[in-house]
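This is the structure I want to talk about, given as structure tokens.
Residue numbering begins at 1 within each chain, and the chains themselves are lettered A, B, C and D in the order written.
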Amino acid sequence: MTVYETALGASTPDTITLLGQDLARDVMGNVGFGELAFWLATQRRPSPGETRVFEAVLAALADHGFTPTAIVTRLTYLSAPDSVQGALAAGLLGGGSRFLGVTEDASRFLSSVVRSAELPADDDGWDALALETLRARGKARIPGLGHHVHKNGDPRTPRLFQIAEEEGLLGPHLSLFAAIGRVHPRVLGKTLPLNGAGTCGAALADLGLPLELLRGFALLARTAGLIGQLAEELRNPVANDIFLSVDTNTRSIAPAEE
Amino acid sequence: MTVYETALGASTPDTITLLGQDLARDVMGNVGFGELAFWLATQRRPSPGETRVFEAVLAALADHGFTPTAIVTRLTYLSAPDSVQGALAAGLLGGGSRFLGVTEDASRFLSSVVRSAELPADDDGWDALALETLRARGKARIPGLGHHVHKNGDPRTPRLFQIAEEEGLLGPHLSLFAAIGRVHPRVLGKTLPLNGAGTCGAALADLGLPLELLRGFALLARTAGLIGQLAEELRNPVANDIFLSVDTNTRSIAPAEE
Amino acid sequence: MTVYETALGASTPDTITLLGQDLARDVMGNVGFGELAFWLATQRRPSPGETRVFEAVLAALADHGFTPTAIVTRLTYLSAPDSVQGALAAGLLGGGSRFLGVTEDASRFLSSVVRSAELPADDDGWDALALETLRARGKARIPGLGHHVHKNGDPRTPRLFQIAEEEGLLGPHLSLFAAIGRVHPRVLGKTLPLNGAGTCGAALADLGLPLELLRGFALLARTAGLIGQLAEELRNPVANDIFLSVDTNTRSIAPAEE
Amino acid sequence: MTVYETALGASTPDTITLLGQDLARDVMGNVGFGELAFWLATQRRPSPGETRVFEAVLAALADHGFTPTAIVTRLTYLSAPDSVQGALAAGLLGGGSRFLGVTEDASRFLSSVVRSAELPADDDGWDALALETLRARGKARIPGLGHHVHKNGDPRTPRLFQIAEEEGLLGPHLSLFAAIGRVHPRVLGKTLPLNGAGTCGAALADLGLPLELLRGFALLARTAGLIGQLAEELRNPVANDIFLSVDTNTRSIAPAEE
């Protein structure tokens, strides 16, 4: 008989445990939600500093206004108001390679360098490693570099570096990313900002979170944002106007293959 | 030209705001994730006490082990490991009337009484209101009463009442629910526990969160739980064993209508 | 040991069966896709006439242009082009009570009458039953009556009645619906068209398909439509324009609770 | 003002068109559902032979019994019976790289050869091209070769070749795939069957369907299968037994990082 093991939730008639803790006594009322999400993903309780960096990343990714995912959640709720779970799920399904690609790609790129190099001891060392990395990369795009709106700098980037530094959690991924920010003009011949999405990826990697699930944390943040979108839709509906703005500007054309 | 208004995320080349705050300066590093989720849903910053009650509810709902939603997320990841968003969305789609019904039904039931009655000043008054309510309800099931495993009491229930009381947030929904716990044996002729899911519904209603979206908060909690399930699946895979346990015990039968 | 029985797909090293048939020899090349979908849902092979009515309903529901579900699928593909399954699933999640409500509500309404009445032998009898039903219903909306665009008649309605009649499949649900179309002006004091969605619901009910899954057939039809939407998006993309039309007309406002 | 063009569904107060046809008069009652799905995806009406091959592929992929996707749909319906769309969407979300990889990979692999080679005139020529292709590929797995159950041959494979040949639609992708079936023992030193999933991919490519959406056709077929699974679940429920078989064999273990 197969036995399925889990260290997550479990219950008996008299007790409920989560991650080996007594849920009611030790978790409820004592563990914040960001802290718990980190703990669930790593099975290790984060320090207060790790929680602060993690929650700063979640805040950075929670909501960016009328993105495609927000529009999708609102339109799905318009069509199927009986299913809040469907509206949230539909929005999350937009969390793929384009929307979340930068965060993932940046962390994978940085991680591939960090894992195979000897880690430098100071900024000059990081700059040398960054230069070598960028030169070896040739003309390939550098994930996390550049932003189509925040051309002079993404406000989230210096803030996240600051928080990580305050908490003593500025690890190798953020260090390498910062060095790339310093040296890339010498390789590319132009200066681009380090964007917030890439910085979030570097910060999550420095926290030791599993790279395969980085996308999951962005989706967790976005779930909170999409609930905010639905709450605002209830208060001040716009989904039908969005639909009508498409519907009234539609033109019927002949099929492609005729 | 239609204009779409939002108080959520917005950005200009130099700034990013969220809920009217400067995201980088005022939110990142200063606002916890549970606090932010509450704020996004209500557009009102919660007090520390409200945040604590809210996060206790989220902890209570985050993960219950190998529930259908957890199994669904693991099996979907097995079939489509390229899409973390699909695995999470699939799990959330189980967050409907049966799985989350108690939380929603309890809060709607309590809210319907609270809105239409004059609120009592003391426990005797609440008991009288509870008695009257249960008698008027006749034989209909009372949402939030009873639990198939925790027959002698759900450990989450007293803990959530305690936390709400500590924070001065034991409002009318929790008060009425507690009174139902006290008086129902006189009406039903047997004693049932107040379950944790119903208590969570009462607590969320007392926090003033929109009833239409209560399901959303359970889904937010569950998103963190499902990420934990995926992380555990990566470390210690069981989805294929679950699949095989079904597959190897399958019997092919004749169609129903032959 | 639990055994899981199914009459659907099964295989051994040398054979594959589906619905008790040899899949390769008897189904592939011999059974059309609409016919197979009907067979899978009922475990009964439909007659050619039943298949024709069923496929006419699927055609009626497959695509209605830039509906919310079509917009959702296109926007999700824009955000996550790596996941065709996510884009289709997101679109289907809009298939809820508002979008598909008329089809379901009409079939349930008609079915509730048909099951409890003695079935009339001729049109006069149906008219009498329809009159009695509408009068008993009072001011409640009659599902399937009225259309916001096709005010003078929905072109799908007479066609579906014609096809059902040609195939000898004009059963009690369609008969009652037709009678409602004839007599309602006497009760309501105005004339409304029988809409296509309601007629589809009546036709599916006459085919004996399970009412709990009527929504599923509309979703099956829509899956084909959404693949068409994605194919057109690949050829002639509009999702980014839809996104930009919202994004560029956004106004940031103060939070509601400030 | 942006204008959104579509050749799919459109309506005026008096007409409804689909793909440039009068929906009621020309499509309903005249166009089968498989034929319509092909037409929607290509904007070209398929010939009867193309429809037959296409529907044979859909039949081959519609249902394989208690696969992960079928289990997911049943478990989601168990948790959220209010949302048929959620149960179907959850099942479809398993339609990713592992589950549908062979069909996609085979068609992409074959297509990459077919596009860049001069097409042979006879079987000897195809064999030579296949040999050259396999030798150049070295030790990389050949998509579509081998099956873990049907080790002596997948019954769907010869049947699909036969149908394509009967309809004069045995094009370059199927021809190359057949040649790979003949020559691979000379390269690999062992004989493996051409599996049905790979043959379906080759057949869909020969029909000229867009490779980016091949996954979509498998999902369309599976939508019909999942409706069958739900119908059977309504008649003969097993989802709760599957859940209990996991739940009762769960063991709580210590967290990984303690």
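Everything below uses one rule, namely that contacts are C-beta pairs under 8 Å (C-beta built on N, C-alpha and C of every residue); 3 or more make two chains touch, one makes a residue touch a chain.
This is a predicted model, so every value here is computed, not measured.
Student: Applying the touch definition from the top, give me the chains sitting in contact with each of chain A and chain D.
Tutor: Touches both chain A and chain D: B, C.
Student: Decide which interface, B-C or C-D, involves more C-beta pairs in contact, and give its chain pair.
Tutor: More C-beta contacts join the chains of C-D.
Student: Taking each chain's centre as the mean position of its Cα atoms, how many Å separate chain B from chain D?
Tutor: 38
Student: Starting from the mean Cα coordinates of chain C and chain D, work out the distance between those two points in Å.
Tutor: Computed from C-alpha means, the inter-chain centre distance equals 24 Å.
Student: Roughly how far is chain B from chain C, going centre to centre by Cα mean, in whole Å?
Tutor: Comparing mean C-alpha positions, chain C is 33 Å from chain B.
Student: Among the residues of chain B, which ones contact at least 2 other chains?
Tutor: Residues 2, 4-7, 10, 42-43, 65-66, 80, 82-83, 85-86, 89-90, 93-96, 232, 236, 242, 245-246, 250, 252, 256 of chain B touch two or more partner chains.
Student: Quick check: in the complex, which residue numbers of chain C touch chain A?
Tutor: 65-69, 71-72, 75-76, 78-83, 86-87, 89-90, 93-99, 232, 235-236, 239, 242-243, 245-247, 250, 252, 256
Student: Using the touch definition up top, name the residues of chain C that touch chain B in the complex.
Tutor: Contacts found on chain C: 1-7, 10, 17, 19-20, 42-44, 80, 82-83, 85-86, 89, 93, 246, 249-258.
Student: Once bound in the complex, which stretches of chain B touch chain A?
Tutor: 2, 4-16, 18, 22-25, 27-29, 31-34, 36-37, 40-43, 52, 54-56, 58-60, 62-66, 70, 83-86, 88-90, 92-96, 149-152, 155-156, 158-160, 162-163, 166, 210, 212-213, 215-217, 219-221, 223-225, 227-232, 234, 236, 238, 241-242, 244-245
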